[in-house]
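Naming follows writing order (A, B, C, D and E), and every chain is counted from residue 1.
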Amino acid sequence: MVPIAYYLVLSAILFSIGVAAFLIKRNIITVFMSIELMLNAVNLAFIAFSRQWSQVTGHLQVNGQIFVFFVMVVAAAEAAVGLAIIIAVFRARNTLNVDSIDLMKL
Amino acid sequence: MLTDHILTLITFVPTAGAVVVAFLPRKGRAIQVFTLLVTLATFILSLHLPAHFNSAQRGFQFEENNPWIASPAIRYHLGVDGLSLWLVLLATFLGPIGALVSWSAIKDRTKEFYFLFLLQQTAMIGVFVALDLFLYYGFWELSLVPMAILIALFGPNRGRQAAIKFFLYTFIPSALFLVAILYLYAKAGTFDFAQLQSALAAGSLGIAPQALSWLSLAFLVAFAVKVPIFPLHGWLSDVIQEAPTAMAMVVAGKLGLYSIFRFNLGLFPEQSRAIAPLMIVLAVIGILYGALIALAQIDMKRLIAFSILSNLSFCILGIFCFALAGLNGAVFQTLNEGLTGSALLVLVSLLYERYHSYDMTLYGGLAARLPWLATLFVITSLALIGLPLLNGFIGEFLVLSGSFASHPRWVAAAAIGVILSASYMLWMVQRIFYGRESSLILNRPAPDLNFREHVTLWPMAILMLAMGVLSPYWIRGIQSGVLQFPAVAERQAHGSTYVLMHATPAPPDPAHVTGGGTQ
Amino acid sequence: METHLIPFLLINLAKVIVVVVIFLMSVAYTVLLERKLVGRIQNRWGPSRVGPFGLLQPLVDGAKLFLKEDLMPEAVYRPLYILAPIIALGCALMSISVVPFGSDIKWHGVQLFEISDTNIGLLILLGITSVGVYGIALSGWSSNNKYSLLGALRASAQVISYELALGLSLVGVVLRSGSLRLRDIVGVQATHGLLSWNFFGGFQFVAFFIYLMAAYAETNRSPFDLPEAESELTAGYHTEYSSMKFAMFFMAEYGNMITVGCVATLLFFGGWTSPFGNLLPQPHNQILISLLSIFWFVIKVFGFLFLYIWVRGTLPRFRYDQLMGFGWKFLVPVAVANIVVTSFCIGLRLPMQ
Amino acid sequence: MHLALFIIFAGLCVAGALNLLLQRHPINSALSLIVVMSSLAVLYLLLGAEFLAAAQVIVYSGAIMVLFTFVIMLLNAGKEERTHGSKLAYIAGFPGAAALLGLLAFIFISRRSSFGQARLGEYLATTSDLSRVLFKDLLLPFEVTSVLILIAILGAVALARKEH
Amino acid sequence: MNDALRILPEIVFTLGGIVVMIADALLPKAANRRPLGWLAVFGALAALAASFWQAQLPAGTAYYGVVQTDAFSVFFHVLIAGIVLASLLITLDAVTSATESLGELFALMQFGAVGMMLMSSAVELLLVFVALEISSISTYIMAGYRRKSVKSPESALKYFLLGSFATSFFLYGIALVFGATGTTRIDAIAAAVSQAVAGAHINPLLYIGLAMIIVGLGFKVSAAPFHVWTPDVYEGAPSPVVALMSTGPKAAAFAVLLRVAYGALPQLHDHWVPILWWLAVISMTLGNLGALRQRNVKRMLAYSSIAHAGYILVAFTALSPDGIAAASFYAVSYAAMNVGIFAIVSHTGGYDDHLTLIDDYRGLAYASPLLAAVMAFFLISLIGIPFTGGFFGKFYVFSAALNSGMVWLTIIGLINSGIAAFYYLRVVAALYSEPTGASPIMAVERPSFPLLLAIFLTAVATLILGIAPGNVLHAAQAAAQTYSSVK
């Protein structure tokens, strides 16, 4: 028996690490990976909440799980597009450092 | 039909003309001729107003009041009273003059110029006739844009900077003005001037006194910039210098003054009275400061700019003394300023067209060469100075006499401004037209006024004389408008028209305040 | 969960050991089989010296690989270089864990002929195979060698591409059985022998061919063995590997072959059921039944292995663009069409059931 | 056993995530992420989401991360350079993330009784349970994902195409 | 069938996209792709018609209650269809098939529209999420479409990374709301929340969830401080695409924000109003101050779009039907003027953005008086001069805010719009200045028919919204009635 709260805390930890990684990593691909990590954290939260509501209502609730299913689909599509973009950038600039992608200054 | 929609017609005929101008060929004179015709038509249409205006009747006339937008409740509400009547006429009168004066001064991009010129015409007339605050604000803001673009386009040296300066000076206070309008709407649920006026007077909106002060201040600042009043005049000289003559003629004065009359006095009599001492001080400072700076100028346009500042401050003085005579004088002086200032700018521009310089020091002894120009210049200068028989005298006299009783010291100071204005104007005339002929004049022989220029100038000169001689005719109309202000109405009981009035603050009398403008 | 923990664990451990041993043995002998068969196809003998008919050859080969010096090139990225073959072999071994080899027989509540019986066996299989690609990818990358890297790139692109077709080809089967549990899938094919196989009765032959081709590509087998095309890439991703690590790749490849064969058997050819259905008399002895089921299963898998080797011996290698084009422009659309048709058929039939 | 499994795999998750953050080579980061994802799959199983556990492995570990490693290999991404990016990221990012974590963790822990306990084997969501909801209540979102995928395909093709 | 009618415009766009995509594949490689653009234009027209047609459907949900057709969604459907139509017209000649794969671009625009439309009609957060991703991913791709330029992929990358980052927040927010309420349907959330409010035990997760959703959507509408991507993305992306992405996805995201704020969590307005208040203030201020420093027209417009997002957020704080109506109306007027100005920027600047600086626009009035005049008109509308859509929108927004007592917000907002005048005017002034020497602006060509059509349509729309906004206003107010139960 494990309190569902533990799963949720885990998801919060993963999400926060993802946020931190997004902000401090300098390699584009790793930055992108940290987004994937965040999405995974969200997925865990969804499944845990889904389980929680199963418990609250007393019968199986799968809505949260379905959400995860969609997140996966979306993540896959995003990965395809994102990596294509990364390749395009690499072709143009020959670098993967976020700080070097700076032709346009903020 | 015509009489029902006369104000709409007057307002939007220039817009229609502008649309046509957009499709006229750039080659030839078609655009100029057409614009002249449109402005003339507008002027003739506007003559309908004094012809049918009933100065005995209080409130607005020629009203049009149709729903425009259901929610928020915005109405298409137009109307004129004695206050706006002559201002509309002044605007339409200056229309053809502006077209004529630009005739040869504007050589390229004529289409843009006349398009915007006509739009500006609509905006100005609209400001005078709009009685819905939303509509009014629309025209008010709209009047900035053609002006700014025209200055940017045709400013000879620093047009862009001047235009942006002008725009920002006027636009940012306008933003606050809009806040005030919206606030009023939020409280009253209407933009209609008359309804707002009665509601505010009845105090039924539940607006805190402090909020009312802020509201009136927001109105006042926006208008004060446009007048301009003393510390907010930074844009004026630049704009007068850079703007094409037809625009410089209308950029200052009447819009702002009219709005102060209409809204500050009309909607916020109490608050206006509260701030009156400050305004009077500012007005006197403006009069003296403008005049003194004008004395130091060698650039004709800058000189005129500061003289305008000085003269407009008279109007402010007249307004905030809250005496009937002063108010009448202020309106009258507004008209004067519109007329005389324009004439002066036209004359200077004619000089510039001939000699390509505004530098007074380069001129001299022109009177012999250009007698007609000199004559008209002198007439206009005298009108500006306030020579009896000409219009300037009436305005200044009314203002000074109206305000003397309540603020003798300040008015005495302002009277010095009259003397100063005489000195700088006469000095300018002397420098340009008399004395030794300068090398510029010698090297560049130029013809005297041609027919078009005569046509441009003489109506103005005649009008100056007419206004000076037949002042009661104008005053009657003006007074019918002035009397309806709550601030004035309550005093009307114990005082005849030209009598000086004291300005002790008294609580507004509801019986009187509802009298004006609601029918 | 009737069983106690300890016997449960023990039985399972035993199962795992047995299966792994048999699996590895069959891997070894599949290699021999291949060498022999290809030899025949090419009109040679193949290995014949060690043991009768060369039957001991795999053992010797194995010994040789174990005893060889394990070279560790200088420039490799060591952690991954070591990890890669482990992943490859690990995945190959793991995938067999959900494969049922024989009929449904339980002992102490534990399924005997299957390591793990789950509701989503098919998905787990797919999952494990999809992870297997890391072995190749990482090996190529960590070797720090152009050929290896190119081979690995080819392999991962190829595997990702064909995984799609592979997955899609299975949807028809899943639609027909309405379950992702491999036993259920076999169950619906059990009734009328050969006629109720998905391949015939289920009209999934199109799917089967898609599966077959995709599976060849997934396992990097000829004619899709681009990642290790020796004429272009030396030995592809495992160029830098030798000895034991190389052997692990080798075993993984053949292990995957066997798994693929098992899956094809289960999904399309009725798994452990007899092709003749009830035509042959059913033995009553439990043990006989189970042995028979294993027999059929092994026969079918063997058939696939044979096919694999046969194809390798006869077909030339694809060009890379052809490979990609074939996968995306032919297999995937056909697979989708197959799903549409199948679901229509099932949808039309449903109301009648 | 549940708790033990949870601790093991949750630990793996956190370790993987931290490793992702700390490693400087993208391929190591990618591998740590794979570890995280695979451990998450196990956690999903513990929570009774078996289909999603499989999907997690297939989609994330098996497809998305393969794509990542593929691209890392293709672009031959080297070690991360230690450029000092925006200071803001460090100044605001870490405390921000930590604050977020603290806040969420606080709420989760303080209200842990309201979330209940997860037992193994309870509320097992089978594939058919999922599909019943998916193809009825959420049919439209499901159909709409096809447009999403179409876009992804179009985009990948359009972006990756060589210039003519 | 009835269900399908409720997503008819989306279906039309999907079919349109598929037709274009397939036709693109069937056409020979060398063939001109321009007809595909017309095909897409007709698709957009059909979708526009379908959206209008939906107005007569009675309000109701479809597909088991995940989409809702009501005045609100119809309003945004029409808006989005219009935006896409205009953007397609702009794209038609701006992008040539010599440089890019046009067919895909047209298909992407239509598919993206599907996402935007669904965002406005979805009442299930899951569908919102999927739709959001459809619209986002298609715009990510389009932002990077100009492969000859180095900036374009960069802009796509920045947009993509930050956009996905925001999506994660949005998603985590949904997860927390789901955890707190056990549902992801707008109405069910509202019911659960009001139950919780009644019982006075609100799950704190709701607050965090709400905040995270706002963060996520804040990124999408480029509200400060989540705006960092905007200038770079607008600068690098092809101008016709910017026309679309600066208006369409934004309008859709605002629709979502409206649904979430007013539809799902009206009870929590004590909490989200302050957040949005600050977002509005920061967006307006940072947007305008940022724009002041820009020399590049597209970047300037990017900052201006941040400021405009701030203005729209002002309307959110009004907490009245007028607030919703004002936000919706502003979205329309902003779309009209912004699409219009980007139509011109895309034409004069060229697909390769060879003219980007404000100084480059010096003398456009000499080269093409018409373009300069219309551009000036759009700029004036962006400033918010009366008798333009921009003014009426701003007026309505601030009127709604003031009606709800947001005096300081209104003052800040209007002062901001005063500041904003400065940078717009700089462009106007440049347009009408004399060109310096052999300025390339003098070589600007006559716009082609579709572009002229787009400019004409947007200009007329801007003007009508300023002079006779009655109909649109009425529609916006009807839309607002959907959630009139606020407060």
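General observations
Simple rule for what comes next: a residue touches a chain if its C-beta (ideal position, glycine included) is under 8 Å from a C-beta of that chain, and two chains touch if they have at least 3 such contacts.
Everything numeric in this text was worked out from a predicted model, so none of it was measured.
Considering every other chain in turn, the ones in contact with both chain B and chain D prove to be E. Counting steps between touching chains, the shortest path from chain A to chain C takes 2. The greatest centre-to-centre distance from chain A, using averaged C-alpha positions, is reached by B. The chain with its C-alpha centre at the largest distance from the centre of chain D is B. Of all chains shown, E has the CA centroid lying nearest to the centroid of every protein CA atom. With centres defined as mean CA coordinates, chain B is found 65 Å away from chain A. The mean-CA centres of chain B and chain C are about 93 angstrom from one another, to the nearest whole unit.
Inter-chain centre distance (chain B to chain E, centres taken as mean C-alpha positions): 42 Å. We define each chain's centre as the mean of its Cα atoms; on that basis chain A and chain D are separated by 5 Å. Among the residues of chain B, none is found touching two or more other chains.
The set of chain E residues touching two or more other chains comprises 126, 130, 133, 137, 140-141, 144, 147, 153, 156. Under the touch rule stated earlier, the contacting chain pairs are A-D, A-E, B-E, C-D, D-E. Against chain D, the residues of chain C that register as touching in their complex are 1, 80, 118-120, 123-124, 126-131, 133-134, 137-138, 140-141, 149, 152-153, 156-157, 159-160, 163, 167, 178-180. Within the complex formed with chain D, the chain A residues making contact are 1-10, 12-27, 29-30, 32-34, 36-37, 40, 43-44, 47-48, 50-52, 54-56, 60, 62-63, 65-66, 68-70, 72-81, 83-88, 90, 96-100.
Per the touch definition, chain A reaches chain E in the complex via residues 8, 15, 18, 22, 28, 31-32, 35, 38-39, 41-42, 45-46, 48-49, 52-53, 56-57, 61, 63-64, 66-67, 70-71, 74, 77-78, 81-82, 85-86, 88-89, 91-93, 101, 103-104, 106.
Here chain D touches chain C in the complex through residues 27, 31, 34, 38, 41, 50-51, 53-55, 57-58, 61-63, 66-67, 69-70, 72-74, 76, 121, 126-128, going by the rule given at the top.
Those residues of chain D that touch chain A in the shared complex are 2-3, 6, 10, 13-14, 17-18, 20-21, 26, 29-30, 33, 36-37, 40, 43-44, 46-49, 51-52, 55-56, 59-60, 63-65, 67-68, 71-72, 74-75, 77, 80-85, 89-90, 92-94, 96-98, 100-101, 104-105, 108-109, 111-112, 115-119, 122-123, 125, 129-130, 133-134, 137-138, 141-142, 145, 148-149, 151-153, 155-156, 159-160.
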